[in-house]
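Both complexes shown next keep chain A, but they swap its partner, so chain B is in the first and chain C is in the second.
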Partner chain A sequence: MADKKISKKDIARLLEQWGQQFAVFAPSKDSGVAAMAEWDGQDTSFLDWYRNTIVPPKASFLPPMEEMFHFQKGEEGYNIKTPPKDERNRLLFGVRPCDARAIAILDMTFKDAYEDPYYLSKRKDAVLVGLGCTNPCESCFCTSMGVSPAESADVDLMLIDIGDEFLIEEVTDKGKELIAKTKGLKEATKEDEAKATQSKKTAYDRVTRKLDTEGIKDKLLASFDDEEFWEKTAAKCISCGICTLLCPTCYCFDINDEMVKQEGTRFRSWDSCGFPNYTKMPMENPRQEKWRRVRQKVCHKYEFYPMTFDVIACTGCGRCIRLCPVNWDITRVIESVPDKTEARK
Partner chain B sequence: MEQKLRQEAKALLEQNKVDWIIGFEPGSLKFTATPLITRDKNDTERLIISPFMVNNLADFLTGIEGRVGIVAKGCDSRSIVSLIQDNKLARENVVILGVPCPGLIDLAKIERLVGKDRDELDDITREGDKVAVKVEGKKKEFAAPQVLFDHCLACELPTPQEYDILLGEPRPPAPELEFSGQNIAKLIETPPAERWEFWKNEFSRCIRCYACRNACPACFCQRCFVEETEPQWVMPVPRWQDNLIFQIVRNIHVAGRCTDCGECERVCPVNIPLRSLTREMYSIVDELFQFKSGMDKEALPLMAHYEQEEAEDLFR
Partner chain C sequence: MTVSATKFFAQGNVYVPHIAVIEKIVEETPGVRTYHFNFKDEKLRKEFTFESGQFGQYSVLGTGEATFCISSSPTRPDHLEFAVQKVGKVTNALNRLGVGAEIGFRGPYGNSFPLESLKGKNLVFVGGGIGLAPLRSLIWNVIDNRGIYNKVDIVYGARTPTDLCFKYDLEVWGKDKTVNMVTTVDRGDDSWKGKVGVVPKILEEVAPPAKDTVAIVCGPPIMIRFTFPVLEKLGFKPEQMLTTLEKRMKCGIGKCGRCNIGNIYVCRDGPVFSYAQIKDFVSSEY
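Here is the complex of A and B:
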């Protein structure tokens, strides 16, 4: 079946229509920072300013903080009350291909390797509507990480900018079903499809930052004990949590109880391997030194994740480069890992 | 000036006068400089002086062992002096390579004025009182106060007072307090209930990355109260109330140490206007105690010294 298309000025009506069935999330700066937020029913100005959000869309499934349950000590143990659930399924509109891939990577942990009910309750029936990039950032290096800025297999529907309109690609059955029920779409012509192909190519070519990840898993394995390299690499890091908390594939969380007298709440919230307390235990802290924490962060993405899931847990979104207070650049770090693989053989 | 800096830094390492050099090298993105921390004399070739050397390098001094040669703008030098006052650093262990600073360019302000992101700009150049921005082939000129960081506009010490080697001609302070204090003045005029709402909104998006704390040279505690568990002063969960308490207590802890370098606000990834709090605290400290941190290394640290005469009856 041929692709559909929609005029850019009709996006508000499209979201309105979908809003009757879903809780629609779209890029917004209303909170003071660019993030996916529940759509307010009219504002589509993001179509003009949106390149990518600061807060990655993972926050829609793994929020910075969530209440797991409330507990109260009773006569016979604890009474547990779970917070009311939003019964509406979520539709995320405008997900970038790098972030869509990141969600697919999170799924490997939270859906495939282990079923995380908190994540899955929001993620399971969610619809991801991708939006192809036209203007990638200087820090973007998605094309080096197997992602194309205007193509995605990790969304349900993919929108490609073809001038005054978006071409809509149906990527999954879920997407196909939604399109079948959606009114007001036009049939795309052969010309539109040609435009979309060109649009994808143009976006691809605009990603100028490159990273060669050939053999990186083995290189990291061989350089794991190279303390001098890791110390040098970590020297300017200030151990803040920006590059991990705002990474679209980082999923570490902490669990805390807040208890007053006989009752309280259990929270889970984002955590970071960059923090010294992350590994603090009663007797020791295996990552007390900064270089060990930096090594962990790099190796988790480029060595351990490939070992477990056969995929690098980095999609080249560039947030960690763009937002780092000291311009610690993961692409420079990966390129500088010494090749000691021969010596190990 | 860069050549002189490189020579001096190299000589310091060669003559074994320092173990480390801390300065700036070109960053990996447009209009950035990045901290260079090295023991290798060959690395000194990469040292630069630029209008984008935004970090307060004094932040690294408490985490490093040995003698350090450090590039310092006026604000950095104040933080260094403040660390000396607090006994966190010995004067003889640091060689200050002072750089008179004409103020740093705030890319966020340029983005707002031009309506483009920083990576879409072709060039930014400082020409005296003007900053020229080249975008889409066209040159736009702005008066420096329009595009410098707020904290630079309030700068009282562009040239380090405390230094070993000065690179360049000293610059007199030329504060543009009216420009610098606009946000704070507006907040002070806001009725308390409304102001409370404002801060509630601002702190609702804090993600507790602790970049504000970790970038702050005055936040040198080995263990921060925010991570204490017994007692737990504040929940480690990014709830707005806890976020606000964290920031207020941090503010109180750096009172008399904060030099208004503006790093907390600059590094915040979610744009919380933290300097509105720290600068107000800075002014209150000045008003109550006639104390400006980091100005005089012989001065006793405001919050960490005690004299019998100043005690209230209860404590005498």
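Here is the complex of A and C:
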């Protein structure tokens, strides 16, 4: 079946329609920081300013802070209650291909060995609607990480900019079913499809930053004990955690309790391997030194995650480069890892 | 050593603790206590099983959660035990609780000592301080199934005689003719009749031959670091050395990120490891 298309000025009506069935999330600057936020029912001005969000869409499934359960101490002892499941499933509109891939990478961790009920209850029935990039940032390097800025197999529906309209690609069965129920879409013509192909190519060519990751897993393994390299790599880092907190594939979290009188909450919140307290135990801390934490961050993404899940936990979204206050640059780090793999053999 | 996923979920949610009641508190040393506990839910009390080496996430609700191994043996299932040193937020909160108080428990998590592959082997247990807690679960397990294993040696040490944990067990094992028990302290006192010297040094003097022997080593990181080279010198291969690692944990199930050494999560892939599994990373991250 041919693809559908929709006029850009009809996006509000489309989201309104989907909003009857889903909790629709779309790019928003209402909080002062670009993030996926529950759509207000009117505003589609993000179509003009949106390149990517600062807060990655992982926040829709792994919120910065989240209640795990509530507890109460009564005469019969403790009583624990988990929060009820959201009534409506989520639909994320405007997910970039790099971030969609990141969500697929997060799924691996949250499904592995034990299922994470908080993440998966939100994620399982969610619909991801991708939006192809037309204007990637200088810091983007998605094409080096197996991602194309205007193509994605990790979303349910993919929208491609073809001028005044978006072409809609049905990627999954879930996406197909949603389109079958959606009113007001037009049939795309051969000409539209040709425009979409061109749009994808243009976006791809606009990603100019390149990174060679060939053999990086083995190189990092061989350089694990190269303290001098890691000290140099970590030198300017200020351990602020931004590159991890706002990384779309980072998932580390902390768990804490709060209690007032006889009632309390256990909640989890984003955490970062960049913080010295992250691994601190009462008697010792295996990553007290900054270079050990920076090494952990780099190796986790480019060495350990590939060892476990056979995929690099970086999609080239470029946030850690754009948002770093001291211009630390992951692409330069990866390129400067010494090749000691021969010596090791 | 495979992960045996827990099937004991409270409310179908892996993060929700079961409520348990403290039944007895034993003062081991100044600052170290053993807590005996049982689940409040009678059905769970009957059905709950675990293996030596596995750990739990223990809650003092309102303060938080901390990770401790189960220090009792599955061969003695009428209650569960864990031992803690009062050093952090949760252990201090535990210290304020008395018999009858409620705690939370999630687990059992992690892998366990590979009992199958220990059958017919000589075993040498090497422990330091509160590191006897995970060993103790296995030692009682072995003693309760004594015929399955060959010779058993225990080398256990602490800084001073007062710091020796589980003195009541040490006494029983010392009298057990099927067990060769050596106790040592870094600094003795007037009444001390055992060995004096750090565990790795004493181990070098008294260790059994490496042939057909498995060493199980638990203790503070510094003791572990010095014990492996001694065992290697004595002819033990990395595959013949087992240990349990300890890291800061939050989730206990391989999600929260912090307990890794290389690509290994101590909570998900451990806490029991052979030296062969961890030696690449252990010099630099442990």
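Quick note on the criterion: the second predicted complex is superposed on the first by the 339 of 345 C-alpha atoms of A that agree within 3 Å, B and C clash if a C-alpha of one lies under 4 Å from a C-alpha of the other, contacts with A are read in each partner's own complex, and residues count from 1 in each chain.
As a working rule, contacts are C-beta pairs under 8 Å (C-beta built on N, C-alpha and C of every residue); 3 or more make two chains touch, one makes a residue touch a chain.
Since this is a predicted model, take the numbers as computed values, not measurements.
Chemist: May I ask you to decide whether A:28 touches chain B, chain C, both, or neither, giving the answer as first, second, both or neither?
Modeler: In the superposition, A:28 contacts neither chain B nor chain C.
Chemist: Just to be sure I read the superposition right, which of the two partners does A:65 touch: chain B = first, chain C = second, or both, or neither?
Modeler: In the superposed model, A:65 contacts chain B only, not chain C.
Chemist: Under the stated touch criterion, which partner chain does A:112 make contact with: chain B (first), chain C (second), both, or neither?
Modeler: second
Chemist: In the superposed arrangement, which partner chain does A:325 touch: chain B (first), chain C (second), both, or neither?
Modeler: first
Chemist: Just checking: does A:256 make contact with chain B only, chain C only, both, or neither of them? Give me first, second, both or neither.
Modeler: Once the two structures are laid over each other on A, A:256 reaches both partners.
Chemist: Starting from the residues of chain A touching chain B, keep only those that also touch chain C in the other complex, and list them.
Modeler: On chain A, the overlap between the chain B and chain C contacts is residues 254, 256, 258.
Chemist: For a test of understanding, state which residues of chain C touch chain A in their complex under the given definition.
Modeler: So the residues of chain C in touch with chain A come to 3, 5, 10-17, 19, 40, 59, 61-65, 87-88, 91, 102, 104, 220-221, 246-248, 250-251, 253-260, 262-263, 268, 280-281, 283-286.
Chemist: In the complex formed with chain A, which residues of chain B make contact?
Modeler: 27-30, 32-38, 55, 59-60, 63, 117, 119-120, 201-202, 204-205, 207-211, 213-215, 227, 235-239, 263, 266-267, 269-272
Chemist: Hey, which residues of chain A end up touching chain B in the complex?
Modeler: Those in contact with chain B are residues 31-33, 35, 51, 54-55, 64-65, 135, 137-139, 235-236, 238-242, 245-246, 254, 256, 258, 267, 269-270, 272, 275, 277, 290, 321-323, 325-329, 331-332.
Chemist: In their complex, what parts of chain A are in touch with chain C?
Modeler: These residues of chain A touch chain C: 68-69, 71, 73, 77-78, 80, 82, 109-110, 112-118, 224-225, 251-259, 264, 266, 268, 271, 273, 278-284, 286-287, 292, 296, 299-300, 303-305, 307-308.
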